[in-house]
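Read the structure below first, then the notes.
First chain written, first letter: the chains are A, B and C, and each begins at residue 1.
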Amino acid sequence: MNKLILGRYFPGDSLLHLLDPRTKLLGGIAFIFISFLAKHIVSLILLWGFSFLVMKLSGVKFKVYFRGVRPLIWLILFTVTLQILFTAGGRIYFEWGPITISEFGLVNGLFIFSRFVMIVLVTTVITLTTKPIDLTDAIHFFLKPLKPFKVPVEQITIMLTISIRFIPNLFDETQKVMDAQKARGAVFGEGSLFQQMKALVPIFLPLFSNSLNRAEELADALEVRGYQSSNPRSSFRQMHWKWQDSACLFAILLLASVLIWLNSINFLNIF
Amino acid sequence: MSRPIIEVKDLTFRYDLREENDTLSSLSFTIHEGEWIAVIGKNGAGKSTLAKLLVGLLQPQSGKIHIDGLELNDSTKWEIRKKIGIVFQNPDNQFIGTTVQDDVAFSLENENIPYREMKERVDWALKLVGMEEFREVDPSRLSGGQKQRVSIAGVLAKKAPILILDEAFVMLDPKSRNELLAFIQQLKRKEGLTVLSITHDMNEAAFSDRILYLKNGKLANSGTPEEIFGLEDLPFHPPFSEQLRRLLKELGRKVPEQYMSEEEMVDWICK
Amino acid sequence: MQIKFERVSADYQFGPVRTPLVLNNVNTSIPAGSFTAVIGHTGAGKSSLLKVINGLLLPKEGTVRVGDFSIEPGKGQKGLKEIRKRVGMVFQFPESQLFAETVEKDICFGPMNFGMSEGEAKQKARKALQFVGLDEILLKRSPFALSGGQMRRVAIAGVLAMEPDILVLDEPGAGLDPDGKDEIMKMICSLHKEKGLTIVLVTHDMEDVARFAEDVIVMESGKSVFHGKVRELFNNDDLVKNWNLDYPEARKFQIKLEERLGRKLPRLCMTKEELAETLIEVGLV
């Protein structure tokens, strides 16, 4: 739990920290799409370059990022291996029953591996340099136009905000309940899978019950403080668009255009 | 005497219609602007439902409530909630913002107050409660007492003339409790607040101008702290001087029949 | 059963970070059958001291001895089960640990974890429930259907059913109304007097310290800066001032009175009974 880097915020004052959360949210989603566009080997190199640039500009050391990828590496390698062994095309290097290792398979594998890792790296950059509450503000901004379509935008936003607010509490309470049950002789992490799951009931149930109590009390507090999701609300938290944000989006647009253009070139095009 | 700000007439309420007895039974009282009123009573005497009834979180079976001249009903409750701020028992379960200043601003956002004015009010309120240095701190790093201070700041920022303390200091250690009580007394003088404190803490009740003593949902007694602390049957231990007086009487010594403060007791012994 | 702290130091680990020491070279022992209060400011290390007794917090240095068993670095989790069987721990707001479908099942959780048969555990559960002043009828009810005060007593019964030799409590009266708190303290007192349990009580309430405890440990910045008789502590004005502690109400009154009188009373009065007796003795009332 402690080693999972994805999702943690590291305070700082790098360029990435400075950017508006909307830029980062949009940019991140755009990057994911773009990475699927890449079909040319030069595209792959450009995407890797972009990823490294973004990581450098975040002010966080590379090794922190790679440490963050490590827990996922087995999942990634597993998927990639499946791809390599079960897709065929071009020159065949090895064949045995349903398994084929081919030129196409290998190159495709490389692309898939790259895509996976780059997406993890870039989204990690975003979560490391953006406070969860800022991301929520960005999500709220993009969901707002959906209000006339009866999408409960305000409710979604406040649910996200409150969930974020109480995450540290959940950790604390879990620890407290675990301690209390350990003191009564409960053992965690030992025995068969079934036994281990059963041992979690004395943790989950109290947490769940506490959460229900909390929800009731919060609902009262929200009402007394005048919260009405149907009424217009102002925002104390302000987002400020800067020239760096425009520049960043422009850069991504440029990258996307280059990638699309490269796709139309046949030289060095693998697919 | 200043004008009445809370008027309760013949208030009757019960949680569950299947229950035999009313939680509150034909309760009537008036609180004037600028008073500090304590409501005391054993658990189950009905005092815990009073706060919720006053802001329309619960509906009485019968009776009327007027806040600042306005009768409380379904259509006026949101207007009335602007005039009342409640600090509840659990410091965490009413803290909504992800940082101190976000939480103070919450009520103002709900009233759709423009940013500039919000910023001014939030800054002013934080200064008043002594939490300006903590404005960007997240709640998981605050003590219970600090969280309650933030809650009070939220009430001040809202410019609500009425502050209800709903057993607000029960979960704090004695030191924090006393600090906050002294602070609220100062605040009340400075800002002209009306304070309604629902409590089972004798020390808290001692700060009030007048005490309302509830028994089985009815108003059994009302008077100044000196008058109430002399009663035989209290929902808490009386002040030490009174405990000593009663003990000496039990032991057959000649002691004055009425309540004496600590000063008066010391004087009497030294005579 | 006695508890010995031999040069115990401990800290916490949060991910890659180690906190500063929460316990710093604590060297003292709590005699078997005694009633010891643990006082000190928030963050002084009171809760950490409790947790190190049953290994919820493992010492970084030093040894904790509970009866014949010991906890030391390098030993890991060995022997903890034996210790936890004998050390009943009641945390703050213990009602938040209830989870079972019925009160009976919840109370039986502890005893059964330590090897008791279901039949035996149910017997202990019934006894424990009675002891905390609740009716047998509640055994088959869901713990979540009870009032807050009842839930707390069920949680305490769950610890008592394990029949521990030592009872460790962290502010057991926190959040309760005066009546509820009085009853809990009475219960703890009788556990001490009638059953001879060793009691360790963390509290902020000096009345409880004066009225119930024999010994007191003062914690400050992870160190045990005082461990002695309660009278000794409150008699020593320098100590009290130095560690910024509070006096029980009776003592505070006595100090005011002595100031006005211009002379001291013959003895330290920690409770109203002592004060009344003393005042009568010297003829002031």
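We adopt the following convention: a contact is a pair of C-beta atoms (placed from the backbone, for glycine too) under 8 Å apart; a residue touches a chain by one contact, two chains touch by 3 or more.
Remember, predicted model here, so these are calculated numbers, not experimental data.
**Q** Among all the other chains, which ones are in touch with both subunit A and subunit C?
**A** Common neighbours, subunit A/subunit C: B.
**Q** Looking at A-B and B-C, which pair shares more C-beta contacts?
**A** Between A-B and B-C, the larger count of C-beta pairs in contact belongs to A-B.
**Q** Just curious, how far off is subunit B from subunit A if you go by their C-alpha centres, in Å?
**A** 45
**Q** Can you check how far apart subunit B and subunit C are, centre to centre, with Cα atoms defining each centre and the answer in Å?
**A** 31
**Q** Okay, in this complex, where on subunit B does subunit C touch?
**A** 42-43, 143, 170-171, 173-175, 200, 202, 235-237, 240-241, 243-244, 247-248, 251, 253-255, 262, 265-267, 269-270
**Q** Contact residues on subunit B for subunit A in the complex?
**A** Residues 52, 55, 57, 78, 81-82, 84-86, 88, 90, 92-99, 101-102, 105-115, 118-119, 122, 138-140, 154, 158.
**Q** Show me the residue ranges of subunit C that touch subunit A in the complex, using the header's touch definition.
**A** Residues of subunit C touching subunit A: 14-16, 51, 54, 56, 81, 84-85, 87-89, 91, 94, 96-100, 109-110, 113-114, 144, 158-159, 162.
**Q** Using the touch definition up top, name the residues of subunit A that touch subunit C in the complex.
**A** Touching subunit C from subunit A are residues 2-3, 173, 176-177, 179-187, 201-202, 205-206, 209-210.
**Q** Which of the residues in subunit A come into contact with subunit B in the complex?
**A** Contacts found on subunit A: 131-133, 161-162, 164-165, 168-169, 172, 213-214, 217-218, 220-228, 231-238.
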